[in-house]
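Quick one: this structure, given as structure tokens, is what I'll be asking you about.
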Amino acid sequence: MNLFLEFWLWISDPAQWSGGAGIPTRLGQHVLYSAQALALATLIGVPVGLVTGHTGRGGFLTASIANFARALPTIGVLMLVVIAVGIGVAPVMVALVALAVPPILVNTYEGVRGVDPQLKDAAQGMGMRGHEVLLKLELPVALPLILLGMRTAAIQVVSTATIAAYVGIGGLGRFIVDGQARREFDMVVGGSLLVVALAVLVTLMFYLLRRFLVAPGLRQAAAK
Amino acid sequence: GGGSDPFEEGDGDTPEAGTVVVGSADFPESTLLGNIYAQALEAKDIEVETKFGIGSREVYYDQIASGNLSVFPEYNGAIQFYLDPGATSGDTDATNAAVTEELPDGLEILDSSEAENKDSLSVSRATADEYELTSIADLEPVAGELVLGGPPEFETRTQGVPGLQDRYGLEFKEFRSLDIGIVWQALKDDEIQVANLFTTDPVIVANDFVVLEDTENLFGSQNVTPLIHSASVDETAREALNAVSAQLTTETLLELNQRVSIDQEDPDEVAAEWLESAGLL
Amino acid sequence: MITFTGITKRYPDGTIAVDDLDIEIPAGRTTVFVGPSGCGKTTSLRMINRMVEPTTGLITVEGQDIRDRDPAVLRRSIGYVIQQAGLFPHRTIVDNIATVPFLLGWGKPRARARARELMELVGLQPEQAKRYPHQLSGGQQQRVGVARALAADPPVLLMDEPFSAVDPVVRTSLQDELIRLQAELHKTIVFVTHDIDEAVKLGDSIAVFRPGGKLAQLDTPERLLANPVDSFVEGFIGYDRGVRRLSFFPARLLTPRTDTVVGDDVQAGRARELALRSGEPWLLVVDGERGPRGWVSTETLGAADPGTVVGSLDLVDYGHVFTVETDSLRAALDAAVLSPAGRAVGVDADGRVVGVVAQSELGSAIWSVGAEEAPTAEPVRSDG
Amino acid sequence: MITFTGITKRYPDGTIAVDDLDIEIPAGRTTVFVGPSGCGKTTSLRMINRMVEPTTGLITVEGQDIRDRDPAVLRRSIGYVIQQAGLFPHRTIVDNIATVPFLLGWGKPRARARARELMELVGLQPEQAKRYPHQLSGGQQQRVGVARALAADPPVLLMDEPFSAVDPVVRTSLQDELIRLQAELHKTIVFVTHDIDEAVKLGDSIAVFRPGGKLAQLDTPERLLANPVDSFVEGFIGYDRGVRRLSFFPARLLTPRTDTVVGDDVQAGRARELALRSGEPWLLVVDGERGPRGWVSTETLGAADPGTVVGSLDLVDYGHVFTVETDSLRAALDAAVLSPAGRAVGVDADGRVVGVVAQSELGSAIWSVGAEEAPTAEPVRSDG
Amino acid sequence: MGDQPLIRWDWIARNWDDPVGTRLLEHIQLALVPILIGLLIAVPLGVVCARWRWLYPSVFTGVNILYAVPSIALFFLLLPYTGFTQWTAIIPLSLYTLAILVPNVVDGLYQVPQHVRQAAIAMGFSPLRRLIQVELPIALPVAIAGLRVAAVATISMVSVASLVGLGGLGQLILTDGFRRQFPTPIIVGIVLSVLLAFLVDGLLVLMQRLLTPWTRGSERAARRTSAARREAGAGTTAPATDTGSRRAEAT
């Protein structure tokens, strides 16, 4: 396919590398929206998942909320919020956070729930209090799964943030939407491949996060 | 609806004989016109199928050319520039002649209506007052401070940003691509100061926007005109469509748009009522 | 000392796990809870560190009602070891062991130094300190579990089937290690198992539970084997309890005969004389270092040329021996049963023959303990 | 009969799991492979049904080289039972058991009828037929595993530590069940375990493997206990082998004395006379049905009024008894060790006293077997 | 626009058949066909990956990169080739389901206990028979769990297809609602899409009940198994799926 040739011609055009419509600006916007959405979703999903997983209560509710959020059509949410509050970053955030919360929430919940009861027993038996069990045992042991959920969310967000272009926001989606409207397919291809590249980068970043945050004992045990 | 069989082949394959497929683009006026055409044809006992809401001209033009769509509400100037981006705009007849010239075999346009829905540059009342704007040319000294907004294609097509530069010497501070559904809102929120809006868009009246006069006739004629796949549309159908064009005026279009977009009446009912009142049912 | 007074535990689903239990668990000794599955051993154990709260009744540790103590603080003063060790997979061995010191706010260097000390105590290599639990074998993991429980030097240790997941060989070595540790540390240990052999081996006293969470018998292992209170306990202990009980009696009780032991340089004629005088049909032939060489029967001696030395005669293999000073009557009996001559050879720590235990002597020693109390509560270790 | 000739297995990573093995496994009998972990037991077993292919050497089943047979077909004629039972979680119990019949194309009704038959044979309830594996206990799952292996009535049964995952009580009952089944079915069973007790209990012959995949000894259990070929085997068998070996000798070998048994209505004076005549210090007092009541010593008799009946004297508890016809010498020894009088009470199947085995008599019987071959290869079952 | 009510019931009443009903039918078609196609590709692909494990990392990376391509872009890029047909939506959506389905099929197969596999071999199952009669049935709960996530995700993603004008409830949201600043059709679109997702999810749960009777009544036991954990949408041990449902690479 000449997809890559088109992409190469497009991306190597110096005009793409400057100005408000250039790649750096839009990439920056894309990363910014995605990071904000992921941070928000993490702030919602991780604490709720930790608490429900730790207490074992609210599991059904958690699953239902996650299921509901997952079933929401993203463009519907986006457009509804645009009508409600006007164009801007807010509708994009609402839509992306709704998209990102389910994997983070469910993985955190399941990660904490999945901690071997024997371990919790041992921790309590040694005199750890509830919050100590949560922070010193359950969180570190659940961390690989939490990171996995965050990575999933991040990739979905990066790929879906393109629809922000539909409501007049920047980001890499502009290349796709504008390119389509103007029949400039190199632009569509370019934008898409930049998104894919960003997703690969996100994967790498989470691989590194895993290396630095997850205790070696857990990583090696998992590799076995 | 557009519920075609998912296993149906797309290209070169015309729908079953006798059925006229009416399409429309994905903005309300187009859907309204699509409804009007469809109902007018149905009134003549013609088998009609509808495929409304198709995203862009690029998509539907190919579909008409291949015969998957038979009738489409179009604007003569728009077709002209689509077919020949470098064309110079003229009056209705000149435009239609040029279009007929350029259209490939198998495609033709029928009679144009008087109703026109042109591109425009519009500004808010406040901006107009602030810079004392009445025509596009007035923008020249201040364009560098203003953000222009419109659908993505406006940035690159002749009747868009390049044309504004050539004919009026306008250099805006920035162009913002916006979905056509929210250009007006961006203008209202002052996200942009100059907007590419359609002249029949009811939001102009509703928000007291000021349409700047196109003194250089950049946007040309934009008469509502049915674009058809010749082989799929027989004489009866052509007559029915021409009858619609004969009665359709800009005022009618404005009023009907108002009902659909502002009062949120259903396009098919609005279409039916108008056809009835025009004696076309 | 830990006391249970009228302790009953009824779980929310109505199960009565423990039923009106009264027990005194002496300080500094090992008390083992045994019983069939589901009889409430774990429940009883976990009530001591308030992992389970009793429905009714009073538990005291060192005279203090445990309900008056903050559970978390109480637990930090009680070591707890469970079956799969329950090691934290995300912490190194040394940090696993230092868990409670960390909780107590000891400061890292001191807590880790203590942890390394304990690694040595339980027989782990210092280079394993930085490993993670999954890098150790099951047996090593259990050692870490024990070390972790001991880290803050708690006076009380609760152990819930700690060795039941490892294979028999490793299990034996862990048991031996625990016996060694306890001889040094004198903790108040409560140990749960459903293996009566383990209970007998480790316990200073054994509490046998019956299904329904009632105490059937609480006694020293020796008395439990000698006098099970009823057929449930007897059945639970299993057959063989007679012979097993012999483990509690040292072979020292025996007086090995020396008059039936001859050097291998003695002449057959002379040996025959000795045999006749002793009235025994077999003589044990030993070498110059008094190491056993084999049995010679009076018949062989009779048939041989009186002038040959016994060492050159056809000797019957002496089977295996018992060490008089350290073995139990059980080992002596075993040695005798295996000996073709029907006599057991007793040796000293260096393998030199101390003497031979004749049939009648072994017999009376065994029968006499039938009625007796065991002189020691701990089984005599047998290396036979 | 299954034969291994010069069998060696080297895994791709270079591990030599089995090293030049020659074994003959007799048809219709149970052969047990024992040995420490990793010594190649499983590998050897799995070569029989071609789950592992030997690197060199020849294996025949019923005289036929197994390489000449289609593996899938061969396997359908060899039952296979493993530790986790390997039941199909998605099939009901009856369909699990009918697996091989289904594969053989028996048709559902016939295969299921056979499966139900087998459920009964291995002691499962008919109403469990429609259950799924997870609804059964571990022990029941093992029974299903055995039934499944037997379904197509294969002449050969391979069992790889089938009972090692269940608790000791269930395990005993599964072993007993297997002994019962084998007495009925006479399969060629190859059984892997690392528990020497299990091997002794189940095996007609035992193959002891040493690390490195070599055969150390192949013998009957009795001979293995009596004559381990070297210190490795001796160490593996463990201590106590002398006493354990007594399991192979029936208590019938003993001649219980009857002259020291008195009815409880006999007067003390008369009893004292009897005791003196027998030369024994203890008499056993029995009731009208010849049920044992307790021991009375010559001292007690001497101190008592000669006119009182012995039944009213202070009797010493008789401890536990052994059944002369069915128990082993081991049980008799155990009974004697536990008896305060140092004498064992022998009873018949109905619990009536047959006689008393005195010290000297028990002693000589035990010592005499030390040299002897066991009369039976199967241990005498003990219910003591 | 302005101060109209959020939901105009009269609009719903009048438009129930068309466009609402029509769009819903299109939506169902646009969602179900890709799910079915995805399943038809994922099962054999998963079986192959489970059998030749060295293939899996590259297949896994491949399906995940596809998943990262923005859906609108893929729709646009396909237009020149597939034209204005439902294939334009079906092909990308089918590809997306692979990212969820393949890992679940592979995990399900990985999860077949080694001893069960060994037992099957020992009883004389041929490889194909073992796959069909033993391994696939045991993998079913995990595979269905993946199918549930894939179905819900696909149903919600179909709406994007309307941005290209391919129909479905998204068209209701975009053309009837958004372009006219009219919330009612948007809300109707969202609600119907969510309801459809729940309905399909419910049907799949029901299907699992019927197809895997052995998992019934073992709720507690099943909780331990990753199958059930995944059913809740999350991963388990090392290479775990997650809601979305990507997994940790083996790397």
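In this document, chain identifiers A, B, C, D and E correspond to the written order of the chains, with residue numbering beginning at 1 in each.
The definition used in the following text is that a contact is a pair of C-beta atoms (placed from the backbone, for glycine too) under 8 Å apart; a residue touches a chain by one contact, two chains touch by 3 or more.
Since we're looking at a predicted model, the values are computed, not measured.
Contact with both subunit A and subunit E is made by B. Taking the definition of touch as given, a chain qualifies here only if it contacts subunit B and subunit D alike; those chains are E.
The chain with its C-alpha centre at the largest distance from the centre of subunit A is D. Among all pairs of chains, A-E has the largest number of C-beta pairs in contact. Mean C-alpha positions place subunit B and subunit E at a centre distance of 38 Å. In whole angstrom, the spacing between the mean C-alpha positions of subunit C and subunit D is 26. If each chain is reduced to the centroid of its CA atoms, subunit B and subunit C end up 96 Å from each other. In terms of their C-alpha centroids, the spacing between subunit D and subunit E amounts to 56 Å. For subunit A, residues touching at least two other chains, in rising order: 82, 166, 177, 180, 221. Shown for subunit E are the residues that touch two or more other chains, namely 1, 162-163, 174, 178, 181.
Looking at subunit D, one finds that none of its residues touch two or more other chains. Every pair of chains in contact is given here: A-B, A-C, A-E, B-E, C-D, D-E.
Across the complex, subunit E meets subunit D through its residues 113, 115-116, 118-126, 129, 134, 137-138, 140, 212-214, 217-218, 221.
Residue ranges of subunit D in contact with subunit E, taken from their complex: 49, 51, 71-76, 78, 80, 82-92, 99-100, 103, 132-135, 148, 158.
Those residues of subunit B whose C-beta lies close enough to touch subunit A in the complex are 55-56, 58, 149, 151-153, 155-157, 174-179, 182, 185-186, 189, 191. Within the complex formed with subunit C, the subunit A residues making contact are 116, 118-119, 121-129, 132, 137, 140-141, 214-218, 220-221, 224.
Note for the complex: subunit A touches subunit E at residues 59, 63, 66-68, 70-77, 79-80, 82-84, 102-103, 106-107, 109-111, 113-114, 144-145, 148-149, 151-153, 155-156, 158-160, 162-163, 166, 173, 176-177, 179-180, 185, 188-189, 191-192, 195-196, 199-200, 203, 207, 221-223.
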